[in-house]
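Paired with chain B in one complex and with chain C in the other, chain A is shared by the two complexes that follow.
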Partner chain A sequence: MLTALHIAIVAPFIAAVFVPFLYKKLPKIHTGWFVLTIPAILFVYFLQYLPVTSSKQTVTAVWDWIPSLGIHFTAHVDGLGLLFALLITGIGMLVVLYSIYYLSKEREALNNFYTFLLMFMGAMLGVVLSDNLIVLYTFWEITSLSSFLLISYWYEREKSRYGALKSMLITVMGGFSMLVGFVMLYAMTGTFSIQEIIASAGDITSHDLFIPAMLTILLGAFTKSAQFPFHIWLPDAMEAPTPVSAYLHSATMVKAGIYLVARLSPVFAFSGEWMWIVAGFGIVTLFWGSFSAVQQTDLKGILAFSTVSQLGMILSMLGVGAAAIHFDSMDDNLYIGATTAAIFHLINHATFKGSLFMMAGIVDHETGTRDIRRLGGLMTVMPITFTIAVIGSFSMAGLPPFNGFLSKEMFFTAMVDITSFQAFNMDSFGVLFPVVAWVASIFTFIYSMMLVFKTFTGKMQPEKLDVKPHEAPFGMLLSPIILVSLVIVFGFFPNILAYTVIEPAMASILPSLLGEGEQFYVDIYFWHGWTIELYMTMGVIGIGTLLYLSLRKWVAVYDVFPSSLTLNHIYDQTVAGVEKVSSQLTGAYMTSSIRHYLLYIFSFFVVALVFVLFNKDAFSVDGATAPISVYEGVLAAVLVTTALVVMFTRSRLKAIIGLGVLGYTIALFFVIFRAPDLALTQLIIETVSVALFLLCFYHLPQISRKLENMRFRAGNFIVSLAVGLTVTLIGISANSSRLFESIAGFFPEASYDEAGGKNMVNVILVDFRGFDTLLEILVLAIAAAGIFTMIKLRLAGRNDL
Partner chain B sequence: MKSNDVILQTATKFVLFIILAFSVYMFFNGHHEPGGGFIGGLMTASALVLLLLAYDIEMVRNILPVDFKLVTAAGLLTAVGTGLGSFLFGVPFLSQTFDYFTFPVLGELELATALLFDVGVYLVVIGVTLTIIQTIGEDQ
Partner chain C sequence: MEILMSILAGVLFMAGTYMVLSRSFIRIIIGTSIISHGAHVLLLTMAGLKTGAPPLLGLEAGTYSDPLPQALILTAIVISFGVTSFFMVLGYRAYKETGTDDTDRLRGTDSYD
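After this line comes the complex of A and B, so read on.
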């Protein structure tokens, strides 16, 4: 049944239809203002579900799509889905507001922009609120498609198209693999509904398809969420307009993979592999992203790698959180805390990363560049932007009193806890996690500081800027101001989120831990005493500051890596290599030479038939043959001799005459095998075809009429010999194994009694099987029409037909 | 004009009718003896080819102003028509029947609907053969 919830999910799609009309009919008003209403209404609409989910209720509404295949558009609102829905609509609202001031209504094709953006918004809502895996996959692919369109928004730029194609290839590859995983889940559980799969999760852990399904689905999640080594599309996606980068590539789409991991945690978390893979990939991505970010000189480049790194951090926490299913009881809150941290950081990251992207967009908009080597000293001319940057970056670096500090502390706690794992024989490796996490945090600190201080402090270089920098209009600043306000609010009062948003989301991720009426204990606070996490943070700040100040001295370390070993290089080589190899492969056998194609066909014919003949043990020789008369022997000798002449003669004329002789000999065979009708027809038809051959010969161009030796090719010889032998073998086998009695006995009696004819052949042709004859004369008529048209309807000068 | 082909042309005038007669014989005989629409049609066509050899295309077209493409079409229509005709009697497509009748001069004869179908085959074969030969012959 269609409900308001379904309408809310598809509302952006419906609105997208009207965007071009509004753009054309009301050109005076920036189209964004109309679009703004959609996420605003949806945000308010989804807010009213907060009391529902925080009291552990869920809302499910089913709308049949393909009921016979078990595919229903089932909207399911629970804590996790609602958290994402609020992020999507909330950030969406701010991004649309920002884009109204960012994109000029005179210069840009706003109708395209907002249509794609609304498509994306609807698809994202569909992903997070669908309970049916196939519907989820459908929306998932629409996010890939609309993201592709948004990245290539300035399609006249080469780099935009490159980035769009790259992200498309990688995310669609992952999406397709995910579909395979979904189908495997269906094969194991017999349902596409996530809730039902979760309910039967305990039964499928030992199924053969369990691990393959997990790996394929994780591939989809990792490619979408830009995890190492699939993160390479995200930095190139920065060619998109900045509102798009802020929305898709920091707050929403890249979190779709995280959503999927969190959503399917109750299914897969029973296995240790899930935990180690998710946590392992997350921690590697965290390190690699933050390490690579320091190398960047483009503001959005830094932010892209920073996003990669933060996503890795969230994933690693989700991975550790999965351990709770194995070890925790409700009293011992050790690993559950990691899940809390993951969700909290998910929210925090959306706030500070969104504001930082908008800050980068403002800097780009007002100075004309995003290159930190050309920027500097903007603090005095752009004080508000500077404030935004400071709050966002410090929160990202994990400095108090912002919300990033809280989630970073909780992250360290989770990573320290992982060392106490005693299971899966991985305890010795567990100690690596906090070390890597700590080093990665140092790099996070360095690039966060670069982001602020390289852009806003130091000496301004007006000669390097295209325009004179000044503060952005208020409308543009409004969205980032709201976001950084949230950074501060969540920093000081983290517990306003605790039981409204975070705890219900945790209940969706770890449902098996909760008994009836129980709830998780969530308490996020600044001061937790002199613990190891605090020392780690102090170490991050201390060493990070030292390293940032000495950046010039050690930045050369990045040049140590040869550029031929980078993942981008490997991707480019792969794409180019695949194209090259496939074109070489195609070129190797598609030679446009009919000789070669015939060789393939005949070779396949021989191989397939001989294989089947002997594999199925079908070859047999039965001695029961009719006696051979002298006439047959003589005619066979003539036949063979003539065939050899036709093959080895140098003159075409001789070959034609030889073919005629062959035809007449066959007519004689018909005579001695007592087939007078066949003999008559064969004689006349052979005459006609020899005449036609002679006609062809007469019209040959002079140049090729000279005598030619038949060139001997060993391959042709072998293939033709093999074809001859194959057919002979099959003929012998077929003759010696008659499984059924022939129906020929029926006709002699019936042709006179039932059809009134004594010529059995003719009676079969016109009466018993007249239908064949009807179509054969049609074939003749078509042949005549073909010859007539080929000769009469030639186009002038087009002899290559 | 090949004015010196007197012997060929004269012989053709006689032989033509013998071949035509033989082809008609082959055609009608087909139900009981070797022959039938296909062979009959080919022989009729060969009689006309002989005419083409002895004279020329223009001449043959003047004495036989027939479009052989239409002959092909007429043959196909006849064959399909006999098939459709069986619907009038409520039997499946292309059902054939036969019976014996007594005619004033000829005596008792067997008439079969299969012969009508064979007429179609006969006409198609003549039409096809001569369309091909005329088309190729007129090609420059």
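After this line comes the complex of A and C, so read on.
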């Protein structure tokens, strides 16, 4: 049944249809103002579900799509889905507001922009609120598609197209892999509904498809969420307009993979493979992203790698949080905290990363560049932007009193706790997690400081800037101000999120731990006491400050890696290599010579048939055969001789006459084998054919007197010999194994009694099987018409057509 | 007899295939004609060559040869005639237009590049 919830999910799609009309009909008003209403209404609409989910209720509404295949558009609202829906609509609202001031209504094609953006918003809502895997996959691919369109928004730029194509190839590859995993889940459980799959999760852990399904689905999640080594598309996606980068590539789309991991945790998380893969890839991505970010000189480049890194951090917490499932209850269950931290950081990241992207966009908009080597000293001219940057960056670096500090502390706690987990080698190798996490946090600190101090402090270099820098208009500042206010609010009062948003989302990720009427204990506070996490943070700040100040001295470290070993280089080489190999392969066999193609066809014919004959052991020469008479022997000798002459003669005339001899010999065979009608037809037709051959070719003066340019070709001869042998074998084999009696007895009885004719062949042709004859006449008619057309209609001046 | 006829069909197929694999139109078309002959011989053979009277009821014989394959071959002869004559004229016209009857010189170009 169609409900308001369904309409809410597809509302952006419906609105997208009207965007071009509004853009054309009301050119005076920035189209963004109309678009702004959609996420605003949806945000308010989704807010009303907060009391529902926080009291552990879920809302499910089914709308049949393809019921016969078990595919329903099932909207399912629970804590996790609602958290994402609020992020999508909330940040969506702020991004649309920001884009109204960012994109000029005179210079940009706003209709395209807002259509794609609304498409994306609807698809994203569909991903997080669908309970059916196929529907989820459908929306998932729409997000890839609309992201592709948005990245290539300035399609006249080479780099935009490159980035769009790259992201498309990588995310769609992951999407397809994920679809395979979904189908495997269906094969194991018999349903596409996520809730039903979770309910039967215990039965499938030992299934053969369990690990393949996990790996294929994780590939989809990792490519979408830009995990190492699939993160390479994200920095190139920064060619998109900045509102798009802020929305898609920091707050929403890249979290679709995280959503999927969280959503399917109840299915897969009991296995050690899941824990190691998710946490391992996450921690590697965290390190690699933060390490690479320091090297960047472009503000959005830094932010892109920083997003990669933070996504890795969230994912590693989700992986570590899987340890909690191995306990029966939540008493003394240390690992629940990791899941809490993952969700909390998910929200925090959306707030500070969104504001930082908008800050970068403002700097770009007001100075004309995003290159930190050309920027500097903007603190006094752009004080509000500077404040935004400070709050966002310090939160990202994990400094108190912002929300990033809280989630970073919780992250360290989770990483330290996991080393004491007594399964899957976590207690021995698990020690790597806190160490890598700590080193990565140092790099996070360094690039966060770069973001602020390289842009806003130091000496201003007005000669390097295209425009004179000044503070942005208030409308453009409004969205980032709201986001950084949230950074501070969530920093000081994290518990306003605790039981409204975080706890219901945890209940979706770890449903097996909750008994009837229980809830998770979520309490986030600043002061833990003198714990190891606090010392780790102090270490991060101390060493990070030292390294930042000495950046100039050790930045050469990045040049140690040869450029031929970078992932981008490998990607480029792979794409170019695949193109090259496939075109070489095609060029090697598609020679455009008809002789080669015929050779392939004949060879395949021989190989396939001989293989089947051998395989079925079909060579048996028994069965009754008729005796050979002298006439037949003589005719056979004539036929073979003529055939060889035709094959090897160099004269065109001899070949044509040889063909005639063949035809007449076959007519004589028809005589011997008691087929008078055939003999008659064959004689006449062979005569006409030979005459036609002579007409067409012998009387062509230009080529008739020239001898045939041919020589013996051994390859052709071997293939043709093989074809002949195959046909002979089939003939003998078919003759020796008759499966049933023929219907030959029917015609002598029925010809006269039922059709009133004594010539059985003619009766068959016009009476019993008259349709054949009808269509054969049609064939002749078409051939005649075709010949007439070819002769008469000469489009000599076809260049004029 | 059936074995001999199968061999004959094989010889016809061999000759036809060899002709079809050559470079000039006329030899290709002759090749297709020979392959048709081979197919007709094979059809007749596989229906059984046991001697009986021609399939004419007026003869009032005890056994007749099977009329059905004869009807099929008759249809096939006419169709292959139609196709062969079309090919002949097509080859003739192609020669007139392009000035060659060598298929190796008539390769397409990758115009979609």
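We take it that the second predicted complex is superposed on the first by the 779 of 801 C-alpha atoms of A that agree within 3 Å, B and C clash if a C-alpha of one lies under 4 Å from a C-alpha of the other, contacts with A are read in each partner's own complex, and residues count from 1 in each chain.
Methods note: a residue touches a chain if its C-beta (ideal position, glycine included) is under 8 Å from a C-beta of that chain, and two chains touch if they have at least 3 such contacts.
Because the structure is a prediction, the values reported are computed rather than measured.
In the superposed model, A:Ala783 makes contact with both chain B and chain C.
Shared-chain residue A:Leu765: touches chain B and chain C both.
When the shared chain is aligned, no partner comes close enough to touch A:Val435: not chain B, not chain C. In the superposition on chain A, contact of A:Leu774 is made with chain B only, not with chain C.
Contact with both chain B and chain C is seen for A:Val688 once the two complexes are overlaid on the shared chain. Within the superposed three-chain model, A:Val727 lies in touch with chain C and out of touch with chain B [touch as defined at top]. Of the two partner chains placed by superposition, chain B and chain C are both touched by A:Asp677.
More residues of chain A lie in touch with C than with the remaining chain of the pair chain B and chain C. Of the two partner chains, chain B is the only one touched by A:Lys792; chain C is not. Of the two partner chains placed around the shared chain by superposition, neither chain B nor chain C is touched by A:Val578. In the superposition on chain A, chain A positions 676-677, 681, 685, 688, 692, 758-759, 761, 763, 765, 773, 780, 783-784, 787, 791 are in contact with chain B in one complex as well as with chain C in the other. By the touch rule above, chain A contacts chain B in their complex via residues 676-677, 680-681, 684-685, 688, 692, 695, 755-759, 761-763, 765-767, 770-771, 773-774, 777-778, 780-781, 783-785, 787-788, 791-792. Interface residues of chain B, counted against chain A in their complex, comprise 26, 30-39, 42-43, 46, 69, 72-73, 75-76, 79-80, 83, 93-94, 96, 98-99, 110, 112, 114, 117-118, 120-121, 124-125, 127-129, 131-132, 135-136, 139. Chain C contributes residues 1-24, 26-27, 29-30, 33-34, 37-38, 40-42, 44-58, 64-68, 70-71, 73-75, 77-79, 81-86, 88-93, 95, 101-104, 107-108 to its touches with chain A in the complex. Touching chain C in their complex are the following residues of chain A: 591-595, 598-599, 602, 621, 624-628, 632-633, 636, 639-640, 643-644, 646-647, 652, 655-656, 659, 662-663, 666, 669-670, 673-678, 681-682, 685, 688-689, 692-693, 696-697, 700, 703, 708-710, 713, 716-717, 719-721, 723-728, 731-732, 734-735, 742-744, 747-748, 751-752, 758-761, 763-765, 769, 772-773, 776, 779-780, 782-784, 786-787, 790-791.
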